[in-house]
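Each of the next two complexes has subunit A plus one more chain, namely subunit B in the first and subunit C in the second.
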Partner chain A sequence: MIQDAVFLVISLCAVAGAAGVVFAQRLFHAVLSLALCLLSVAAIYITLGAEFLAVIQVLVYAGGVVVLFLFAVMLTKSDLQLKREPLDTFAPVSAVLFGVLVLFYIARTGFVAHGERGAAPGDVASVGQVIFSPTKYALPFELVGILLLAAMVGAIYLARRDERW
Partner chain B sequence: MVTVYHYVFLAAVLFTIGAYGMLSARNAVRVLMSIELMLNAANINLVAFSSYSGTVAGQGLASFVIAIAAAEAGVGIAILLVLYRSMRSVNLRDAAVMRW
Partner chain C sequence: MSELIWSIARALVGVVAVILFLSLNVLFLTWLERKVIARIHVRYGPNRAGPFGLLQPIADMLKLLTKEDIVPEKADRLVFNLAPVMAFLFALLPAVTIGIGSGLIAADLPAGVLYIAAVSSLSTIAILMAAWGSNNKYSLLGGMRTAAQSLSYEIPLVLSMLGIVAIVGSLSTQDIVEAQSSAWFGIIPKWFIFYQPLAFIVFLSAVVAEMGRIPFDLPESESELVAGFHTEYSGMKFAMFMFAEYIHFVVGSALLVTLFLGGWYLPVISPLAENLGVLKYLVQVAIFVAKMYVIIFFLMWVRGTLTRTKVNDMLGFGWKGLLPLALLNVVVTGVVLTLR
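Presenting the complex of A and B:
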């Protein structure tokens, strides 16, 4: 019973944060709402027994990506552009219809995963055994490393200021 | 009793909000944040199915998604800064001049 209440509170926090990202008037408040949503998702991971992913979520998202977005907001002075597009009624209606349709098909789908919550271990050792196992995900892990290097070099190249290099 | 359906419902709601934000926002920063929301919704699904089915593979995939999302945010914000430097605006309506 208390688990249901905890899940409900965390879900409400996540949905409220997500709604704040989309509907907040000032962009700075949208970034703070994003931080709320990402921390709620980390709490969701903890309820699922995935502690390592929760730590990664807090480190990478709440520590890195949110700060990156704050830099973007402050560097672009986009907070001063407060005027919003006139909201047409068709877009929200179609979004709600899309959501209802997705929920309807999820409710109709019979998922095989009917085990206990937290049946999979979520500590560093078991996740590491999956990621670094040569028969499973060692090659994608190395490719992700190359991708991160390429993204870093590309971001530095794009964001440099002087043209002579 | 929290079942896997609850988590998938939550992920669907987050994904819908993110998709609506990505398609309706005119500010490029807000579009990037909405993409992060959608990636997080996918991650919730991965971790929920991993947790309920007793296999750790979904958590490994989710960590890959987190890494790719971080790379996407970095490159996206770099592109946004270039856009802002050349157009003095992050409104995507102004970026429509690049359309053929």
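Presenting the complex of A and C:
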């Protein structure tokens, strides 16, 4: 009962944030709404017992990506007002179709608002066990690491200004 | 049902205790900082209100509360008014996982240290809100510096904690202090500052940068930016920013004590205090607070001694100095732990 109420409040916050991203007139407000949405999703993860995912969500998205977005917005023109463009005909149609698709999958998966704590272990220790055990995901994890390193080196190569060094 | 009420009550007590502890320390700190800096400058510092000027923080608080609240005409009102509240809130968040005694902790999260790293990055958002909402060029410049600074120093900060986490095998702050609670020959404590001296130096530098104190107080360097992101704030809202800043100071010092200086453990005294029953918690808190104030005094001393770095030096120091050192520390710790 209480869990349902908590879920309802948090998910309303998330939806409000997401709506804010779409409807905000100012770019800065849109990014702040995004932060609200991301933090609410982190809260939902906590109610589901996935602590590790929640912390990573805050660290990477709210603390990293949003700050980077805000930084970028501040580097652009100071008072950028987004103009309301008239909707073309395809936008509402695709939105409705996508909504139907999402509802279809929700109906199929037996969606629950909150899981039993501990039913799906999401604490740091068990996530670590799964990621670093050689029989589970150790190899994919290392591969992702190498991929990200390659992307980072590539980005630095593209961003450097001169041939010196 | 009663279990739920019990856990909610425990959480409430924890939060109230955290806020009380922080508020008392912050009020004392504003006085202490002015006294210590004054002593370094060969001045008296506040000495009118109460004995030794001890009532000065209360006088300051009353003054700020009764001041006129000014909102610039062209400010983004919502963001401008929300920013100080957010700054205050985000500053409180990391404090709940720092224990000042064994079991004396608001929430012993299994993801403890990682949680602290995550939520402390949020306060940048509040500062950027203030910087943007003020619609002032000095605020904006201060905000951009904050973003650059916190983005670059967060990486060495998190990396320097990694060695300790690897040694302890847990992210919980309680476990980290437990792991330091013994001594060689009963005298030399097994604190992580001795195991991880390089990490300590990196962490200390990074945490000073995250606090935004001299030598890394570029976000609000008075000589160039008036007051940085809080240029336009006055009265109560300004007070909230100051409060948040001093909370960062307290929390950062407490974190240093927890991670590197053995938390509430002191070699000879702690084993003796074990037999004191409930009083042992009092001893633990006393030890923790004493250590915290050693760090705080040291950082005030740094403030009184060093000058502000240039912005390019600061970023260069973060990326080219601290980051490689932090990575080296992780590699060395990993190799040693594997070989052991």
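The criterion applied here is as follows: the second predicted complex is superposed on the first by the 129 of 165 C-alpha atoms of A that agree within 3 Å, B and C clash if a C-alpha of one lies under 4 Å from a C-alpha of the other, contacts with A are read in each partner's own complex, and residues count from 1 in each chain.
Operating definition for what follows: a contact is a pair of C-beta atoms (placed from the backbone, for glycine too) under 8 Å apart; a residue touches a chain by one contact, two chains touch by 3 or more.
Keep in mind it's a predicted model, so treat the numbers as computed, not measured.
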So, does A:Phe52 touch the first partner subunit B, the second partner subunit C, both, or neither?
both
In the superposed arrangement, which partner chain does A:Ile146 touch: subunit B (first), subunit C (second), both, or neither?
neither
Once the structures are superposed on A, label A:Ala5 by its partner contacts, choosing first (subunit B), second (subunit C), both or neither.
neither
Should A:Val41 be classified as contacting the first partner (subunit B), the second (subunit C), both, or neither?
first
Between subunit B (first) and subunit C (second), which does A:Ala62 come into contact with in this model arrangement: first, second, both, or neither?
second
If you stack the two complexes on chain A, which partner ends up touching A:Met74: first (subunit B), second (subunit C), both, or neither?
second
Larger residue footprint on subunit A, choosing between subunit B and subunit C, goes to B
Per the contact definition in the header, classify A:Ala30: touching subunit B only (first), subunit C only (second), both, or neither.
first
Using the superposition described at the top, list the residues of subunit A that contact subunit B and also contact subunit C.
52, 56, 64, 68, 71, 73, 75, 78
List of subunit B residues in touch with subunit A within their complex
1-10, 12-21, 23-30, 32-34, 36-37, 40, 43-44, 47-64, 66-75, 77-82, 84, 89-91
In the complex, subunit A touches subunit C at residues 2, 26, 28-29, 32, 35, 51-52, 55-56, 58-59, 62-64, 66-68, 70-71, 73-75, 78, 123-125
Listed in rising order, the residues of subunit A that touch subunit B in the complex are 3-4, 7, 11, 14-15, 18-19, 21-22, 27, 30-31, 34, 37-38, 41, 44-45, 47-50, 52-53, 56-57, 60-61, 64-65, 68-69, 71-73, 75-76, 78, 81, 84-85, 87, 91-92, 95, 98-99, 102-103, 106-107, 111-122, 126-127, 129-131, 136-137, 140-141, 144, 147-148, 151-152, 154-156, 158-159
Per the touch rule above, subunit C residues touching subunit A in the complex are 4, 76, 78-79, 109-111, 114-115, 117-119, 121-122, 124-125, 128-129, 131-132, 135, 140, 143-144, 147-148, 150-151, 154, 171
